[in-house]
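One structure below.
Naming follows writing order (A, B and C), and every chain is counted from residue 1.
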């Protein structure tokens, strides 16, 4: 029995490792080729950092990157404010059809992106809104809300209500109690939701293509349009850089997690 | 229910005056309204340690929440030091609470937790530092300023919660079963601590618990709460010796309830009753006046007898006493004290517990024993169905 | 009473936002689908033509191909992801979270960029061809790029994490002693799997299928990058009708149709987990403060 157990243990591990390697394979290949001096992937012309230099001096890509970062952060923030305030107060409010609105708020998470893109495009043109950062912001906020809403809701269920009560009892008005006690306790959930919302926004291709204006490019859009005309090694460099950034962020998040464990909440 | 409450020690100049408090929860949707507080009125004296003793569901937590402002009553008024605070928001009341779960802010250090009420009042930093130091000293937790609640034990969190609630010198401190989560020894120690702190600061404490020993140990007065009202509000001694009704008797101490027949009043304090044919003088105690007025010779009454008042004796009856003898059903030894349970002759449905000191083992279940009960020891006790 | 007005005010922003920017577009889409095309826009003339057109062979073929691709991708993702989720969960210790993080990191790198690697591998005389020819397996370049299989690989690659995470989460909550009990009572490995492990991890499997199937019909960019014009999805069809043919009503009808499809499939999948519904109701009861 024991021999079997470790046998299957080793098999499981092997399978998991193989799949992990396969997952990283394309990225790894791209990274390797990003250092290729030549353009063609079929010919290796020696190591070079040219493409990285080109990447960091390509204004188009850099401005698209800037747009994506701004869009991601701004839409996460808007979504966080809207979702958190409503998650806390909607059940107690006097508004009609609360359950229905809740379902609608979560809907963008399950509606296919292409459909979302389409309906936003049609609706925005109906309203006559100028296509650009504004429409991008509205659309990204809309599909960011579900992530934060669900996280905050879940955190609220396990929140000890006597703690905000204690703040009121000790002399804090309702707003004061909220900002000094309730909100800090909800921070982990809000941040986690914002992180997901940012990731979704940063990665979004389909919806962004539809609701953006001619002059505004997000990073995924820029990459997509470039890919349609053919491969360019700049893209390889971009991919490698982004992987490095994600690795860095994940590492930092893990360290923060360890630090928070010492504080105990 | 509380109109005929005999309150023999009502304070003359109360700090808290609660009048006709009523509160119901629920609507038709949730299965009908439930009356949690029924026309409750009482007063609390300055510097008094008042304990509200009751089982879960009696309404004590609701009462506490109304007093601290987190709930509003449907009817009634709450006067604090003469001023009407009934509609006042919790943060504006000079009343602070120690919650059952301590409710310490997890994201703040011990120092910030305790300093919170003063920071809200914009107290200067140096004053805050001094006061926090004093509070930590008072609860014997100096040196814990930088710790987070997660790193503290239950008893330590308890003391920080107390320090935090007292730092702003509230006029009344409400404590909601604060010692419930602590183990036996720690609880005993904290009871002494709390009493000491209360005496030192002179602040009025309103203490809620279901533990009768705790209530007897710490309180100046005890209010026995049941079904949204007070059954009896008096000093521990009076409640122990003269419980108003059988529910109160069962709540505090061992309840020995002896059926008897009313004969006649003897003087303003004593009445004569007949117990199994023998005549005995008993105290009127806290028997409700209107029920007393309805008593006629021959009416059945119940007597409350404390265990230590049943004295083991030989078959001769001492003067001014009656003899209760019967078959012993159980003897339990608890380190120097024996609890003897016996059934008196002629009263087959009654079970009485007597106390004897010493470890002498000359009695055993099945044997017959005789106990004496002197005049003036027992008290009249209203028979109430235990709803 | 003050509480309610304050709460109402605080909830109002989201309430209004959702009504305007989620309900509005959805309603408009529905309305559009019944309108008639008018040049580049739409005229308010009621018609069912748009819905009828969906069933024209030209378009319906695309629908069937989309469904086919979705089914294939989902099947492959299940085949690869389900065992992966179980394996990593049963390894114990820090391994589940290690593999979870390992799978998540590439996910946060833009999906487009990750597909670039596959382009390099698949293109004619690309990496795969070079390796295969060097090993002597094939003599001519396979030209896998712009083929159906390439799109399937791309889909599986992008959607695998969803299945893997759902299954792993459920598998981690599985009570191991149940497996031990089953073995103790005499069931072999296969029997234990079929009667203990599979039924208990089914909810995770269902969630994974849902999270794989629904996107796979709409991720047209994978199809267009790896499949070119050879592989057309329902999503690509909507894109084409909207952006190039400028036929808003038809695109709307296609979208409604797509949502109906995904809705029905979701309901079918969710119908079969009665025990989950019960726990949902228990966990969903919230405090009314």
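Here is the rule we use: a residue touches a chain if its C-beta (ideal position, glycine included) is under 8 Å from a C-beta of that chain, and two chains touch if they have at least 3 such contacts.
None of the values given here were measured: they were computed from a predicted structure.
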Overall pattern in which the protein chains touch one another (line/ring/star/complete/other): line
Chain nearest the overall Cα centroid: A
From chain C, the most remote chain by mean C-alpha position: B
Inter-chain centre distance, chain A versus chain B - centres from mean C-alpha coordinates, in Å: 57
Chain A-chain C separation of Cα centroids, rounded to whole Å: 17
Where chain B and chain C are represented by their mean Cα positions, the distance between them in whole Å: 63
Touching residues on chain B, where the partner in the complex is chain A: 68-70, 89-92, 95-97, 99-101, 103-107, 116-117, 120-121, 148-151, 164-165, 168
Chain A - residues contacting chain C, complex: 9, 11-13, 15-16, 19-20, 23-30, 33, 41-42, 81-83, 85-86, 88-95, 101, 104-105, 107-108, 110-115, 118-123, 126, 138, 141-142, 145, 156-157, 161, 174, 199, 202-203, 205-206, 210, 219-220, 223-224, 227-228, 231, 235-236, 238-239, 242-243, 246-247, 249-250, 254
Contact set on chain A toward chain B in their complex: 160, 162-163, 165-173, 176-177, 180-181, 184-185, 187, 263-265
Residue numbers on chain C that touch chain A, as the complex places them: 3-8, 10-15, 17-19, 21-26, 28-29, 32, 80, 83-84, 86-88, 90-91, 95, 99, 101-106, 108-121, 123, 125-127, 130, 157, 160, 214-215, 217-221, 224-225, 234-235, 238-239, 242, 248, 251-252, 255, 258-259, 262, 266, 283, 286-289
